[in-house]
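First subunit A sits with subunit B, and in the next complex the same chain sits with subunit C.
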Partner chain A sequence: MQQAKVPPLGKRAAENRLLLGLLLAPAAIFLFVFLVVPMFGLFRASFYEGNQPLGGVGFSLQHYEKFLLDGYYLSVLAETIGFGLASAFVSLVIGFPVGYSLARLPPEKRRWRLIAVILPLTLSLVVVVFGWLVVLGRNGLLNSLLIGFGLIDRPHQLLFNRTAVLVVLVQQFLPFMILSVMSVVAQINPVLEQAAANLRANRFTTFRRVVLPLAMPGILSGLTLVFILTASAFITPRLIGGPRIQMIGSLIYQQVLTILNWPFAAAMAFILLIITLAVTWVANATLAVRLDSEKSGHAN
Partner chain B sequence: MRIDAIDVGLKIAGAIVRPLVYLTLCLPAAIVVVTSFTAGESLRFPPEGFSLRWYQAAINSEPFMDSLWASTKLAFIATILSLAIGLASSFAIDRFRFRGREAFRTLTLSPLVVPMVVLGLGLLQFLSWMQLNQTFAGLLIGHVLITLPYVVRTLTASLVLFDRTLEQAAMNLRAPPWRILWRITLPLIGPALVSASVFAFVTSFGNITLSIFLGFAGETTLPVQIFTYVEHSYDPILAAVSTIVILVTLIVIAIVEKLVGMETVA
Partner chain C sequence: MKRRSFLKLAAASTATFVAPAVVRAQSKRFDGVTLNINGYGGDYDRLTMEYIAKPLEQRSGLKVNIQASESTSAVAQALASRNNPPFDILLTDSPIMPQLIKADLIDPISPKDLPSLAKLLPNVREFGDYGIPFLTNAIILTYNSKLVKEPVTSYADLKSPDLKGHVGMLSPANSGGVLALIALAESNGGSLDNIEPGLKALTSMRESIATISPATVTIQQLLEQEEIWAAPFFDGRIYASRNRGKPLASVIPKEGIYAVNNYWNPVKGSKKRDAVFAYIEQAVSDEAIGHMVEFFRYAPCTDVKVSPDVAKDVVVYGDNRKYVKPVDWSKVAQFRGDWIERFDKAMR
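Then we have the complex of A and B:
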């Protein structure tokens, strides 16, 4: 009975191929047309001659030269990378204990804490930044508190400096670090830590020798993610940092929407893309090296 | 157990850092909500008195209400499209072994890796070539692009855990394929569908970076409207509008928490 219902193999394979094609087509076509082609278009545009928004022609390296040979642009690049690194490492230092404890908490205790972590991720960036303007503003929460405690006698300017930008960037991207640490720690068997404790290792040694190596994939992916998100930020530097603090994202935004020099913006966008790809590559390579050395360590 | 100075130090540091982190993460949203009820003329903390006047102002403001409607509509349509495309791709990735499968998966997730400004500029230029810039369609394309990775990631993760024997049992009982899909497969991946669509919705609803590149004068999204407003003026109407955004986000999170639990999205 069952046998009779099954169509011949060849027909079934053809049907399967058709089904697979139908399932793949929408995403493949959509992503090719609206992601791959625009990226190639952008790459091409970064070599156009001239400074017009559309309809560029020719081939020149002038936009890359302009960026890479000018002290001002290089300082913006350095600032961007600096913010990226600072934000990634601060997130790691304060995000690790939170992610670790979340992974080890029983589900009913985890619930509200998890909501507190996920809320800033889902909330619109512009609302978060606006909230910080109210916290750090002249008549804001922090100035009121400092005056209330008698630490200062009149409101200070707390916005438009690097520290403020860094605080706001860390607050926005910290959840990514917390969640990535949480997901790897959840997979580390607590028995391993107990074993280390039984061998009279203190918490720090256990952390360094047991938890840290096992959590490395999550730590690296968290660092990479926070770095990339920070390096491409432009809303925060613009609103919290003001005109004196420039990052590459804000320069791209200005060139596109105010100055209308799209080829130069395209060149900067590619420089940013190359930096993020390089960071991702370094993180993956580090991980591969660690895994390799672990394997050979076991073999010896 | 012996007592170790480092142990105690770490314990105390952790006990201080953790509450501070949770507090800071919620601080901006909490402050916005509190200041939105001010009766005064300016944004300050603590707020002066209590009133709903700025909510009234927000509801009567055409630009804000128009953009709230535009954002809702956009997020809704983008979510449906993204869910349809993403569900098909996730099935293909999970159920078939084909050449280029890994490459296809990477492609669907790649809008997450490309910095949003780069994506925004690339798409703006392409849409301008296609004469689609500053249209609702252009904005929609961008939003499907950025929500798709979340949908694919959530759905493939859930399909991996799927117990195929249930489908096989239904097949043995001679259920037609569409019925297996409708009665067995979709209900079983239901929680993942809920969290995927919710994440797609909030991602689109709150997005500013891409919308600012693709947006247009006639129909801006709410985040872009807020951004433009913050740049030149600064009054409590913004707190009221932002509170509406926070409320929408919270409602959506509450739906996920109620239906499937926060654990599934983290």
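Then we have the complex of A and C:
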């Protein structure tokens, strides 16, 4: 009986690679045309001379110098990074328990809770922020509740400060942290926690030495995502923050749409991009170091 | 009657009934044509649809698609797609006009092109044959008469201890904010060439300022929520809130009245020139302008007559127009970017 001819391994691998390339090609072309090419255009625009929106020529570092040598812009950048870190940390503290509990629920109990987590993401950001203006207003829900419970005797100003901006930012981006944590924790076998309990580890020790290290990829993803989203926010600081709370997203928006100084806006956008890429790199590097040390620990 | 004869008679009868409708439909001048314009949103767009777009569609079949956005955003879109403009008509106001003209984004229209322009008031066109003005918005002061004990009469009163943390300001990214800054500068010895006295005056009232917003509707919402109690604001918006029962007083400030015109601008490169002219003709009609004045109490830029009941609420109606302080918009366009940056630094 004749056996079917099997192509050699090398040829099969080449065919697989070709097939993979063909499957990825449409997305890659789309990303190249609509992301990479415009990014290059934006990068080039950041070096144009002058402040005109179109027809820029020449090469100049004036816009980067204007940003990096002015204490005002650096303070706005620092505030933006500060908000990013604070929002990421608060989202982690609130989001991790929620993500963990969702991951441990059976699917039928998880469904509606998951919808409740995702639902805010379906609303327009502007609508959400205007809603917060009403909730946090002097005659808003929160002041009314505080007066009703006798905690305060007259309305307080809850808007136009850093706390209000942080609260609204966390509310907007908390679902991303919850979903990141949930997806990773769902892959941690509950048997590991039971085994730790069998070995007389209390819940905190189990969390610290079993759950947390295994959930670290999800935590780092969530932190990175929330940081990046917060750093690029501009609607929330504009409406909730008041005159003294300025973030770089608002300044970029202003330069593009009001002042029409597109080269300077492009320079600010790239500085923000470098910051966010740096944060992403640090997060990935931290994860890589951790994974390497775990592998070497297992090998020993 | 034989079947063939019956069928012929039925076909002829149907054609007789249908033909007038078909002929009527085909006779509408702008069937299948849609104009794209930007709008300010809210009541502006509602009134534009009601008194400009709908009558036009009924008469000529012309459809109007309004995209609500900040006018600067619409300008940025038009700049980015000059060869295929997203709008046929741009709605903007005075501070943005020099930029549009310099960028060669809009076409001029003279009374020779459109005789209805004879309805415009003398000297109301600030930019030659560019832009067709239709409403004038004045910046005055407002305060909540229920919460503020001492009436506000000038910008300087905004520093009052009673108003600490209760004043709202429009940023110079908004036309109203530009006017307020100019008012503060000129009343403190400054000018368009020297805005520093205005910035100093603003810095001196920092403790009073609760929030600064580039969006008119945000300030209006905060005034109505009583989150802020006083602000330099547009006369028509103050009237609209008062009409909704809010206790907001309108005050002509001691520093004087500053105002902007709103303009319809035909976009260069639009392939619907006749339709654009038809729109503008309806836009400056007594029907459209009269209803807008009645609702907003903004001053008309045409010779439309309004009832005394309406006229008494319009700040710069008729002869009162002479009290509007002149502004060199070319200088504003030249310096505005710098003003915005210095304003942001002063307020931080």
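Just so we're on the same page, the second predicted complex is superposed on the first by the 270 of 300 C-alpha atoms of A that agree within 3 Å, B and C clash if a C-alpha of one lies under 4 Å from a C-alpha of the other, contacts with A are read in each partner's own complex, and residues count from 1 in each chain.
Methods note: contacts are C-beta pairs under 8 Å (C-beta built on N, C-alpha and C of every residue); 3 or more make two chains touch, one makes a residue touch a chain.
Here the structure is a predicted model, which means the values were calculated and not measured.
**Q** Would you mind checking whether subunit B and subunit C clash or fit side by side on subunit A after the superposition?
**A** The answer is clash.
**Q** Going by the touch definition up top, name the partner, subunit B or subunit C, that contacts more of subunit A.
**A** Of subunit B and subunit C, the partner in contact with more residues of subunit A is B.
**Q** So, A:L260: does it touch subunit B (first), subunit C (second), both, or neither?
**A** second
**Q** Which of the two partners, first being subunit B and second being subunit C, lies in contact with A:I228: first, second, both, or neither?
**A** first
**Q** For A:M177, select first, second, both or neither according to whether it touches subunit B, subunit C, the two together, or no partner.
**A** Neither subunit B nor subunit C is touched by A:M177.
**Q** Which partner does A:F130 contact after superposing on A: first (subunit B), second (subunit C), both, neither?
**A** Both partners.
**Q** Name the contact category of A:L54: first (subunit B only), second (subunit C only), both, or neither.
**A** Both partners.
**Q** Kindly classify A:R244 by the partners it touches after superposition: subunit B alone (first), subunit C alone (second), both, or neither?
**A** After superposition on chain A, A:R244 lies in contact with subunit C alone.
**Q** Contact-wise, after the overlay, does A:A28 reach subunit B, subunit C, both or neither (first, second, both, neither)?
**A** first
**Q** In the overlaid three-chain picture, which partner chain does A:A196 touch, first (subunit B) or second (subunit C), both, or neither?
**A** In the superposition, A:A196 touches no partner, neither subunit B nor subunit C.
**Q** Tell me the contact category for A:R113 with respect to subunit B and subunit C: first, second, both or neither.
**A** The first partner, subunit B, only.
**Q** With both structures aligned on chain A, tell me which stretch of subunit C collides with subunit B: 76-84, 112-120, 148-156 or 202-210.
**A** After superposing on chain A, the stretch of subunit C hitting subunit B is 76-84.
**Q** Once the two structures are superposed, pull the subunit A residues common to the subunit B and subunit C interfaces.
**A** Common interface on subunit A, subunit B vs subunit C: 53-54, 130, 133-134, 137, 139-140, 239, 256-257.
**Q** Applying the document's contact rule, which stretches of subunit C touch subunit A when the two form their complex?
**A** Those residues of subunit C that touch subunit A are 70, 72-73, 75-76, 79-80, 99, 103, 165, 169, 173, 206, 209-215, 218, 221-222, 225-227, 336-337, 340-341, 344-345, 347-348.
**Q** Quick one: in the complex, what on subunit B touches subunit A?
**A** 1-2, 4, 6-7, 10-11, 13-14, 17-18, 20-22, 24-32, 35, 42-46, 84-86, 88-89, 91-92, 96, 98, 104, 107-108, 110-111, 113-119, 121-126, 128-129, 141, 144-145, 148, 152, 199, 202-203, 205-209, 212-213, 222-223, 226-227, 230-231, 234, 238-239, 242, 245-246, 249-250, 252-253, 257, 262-263, 265-266
**Q** State the interface residues of subunit A toward subunit C in the complex, per the touch definition above.
**A** Residues of subunit A touching subunit C: 51, 53-54, 72, 75-76, 130, 133-134, 137-140, 157, 159-160, 238-239, 242-244, 246, 251, 254, 256-261.
**Q** Could you list, by residue number, the parts of subunit A that touch subunit B in their complex?
**A** Touch residues, subunit A against subunit B: 16, 20, 22-24, 26-28, 30-31, 34-39, 41-42, 45, 53-54, 94-95, 97-98, 101, 107, 110-111, 113-120, 122-135, 137, 139-141, 144, 171, 174-175, 178-179, 182-183, 197, 200, 202-204, 207, 228, 231-232, 234-235, 239, 249, 252-253, 256-257, 262, 265-266, 269-270, 272-273, 276, 280.
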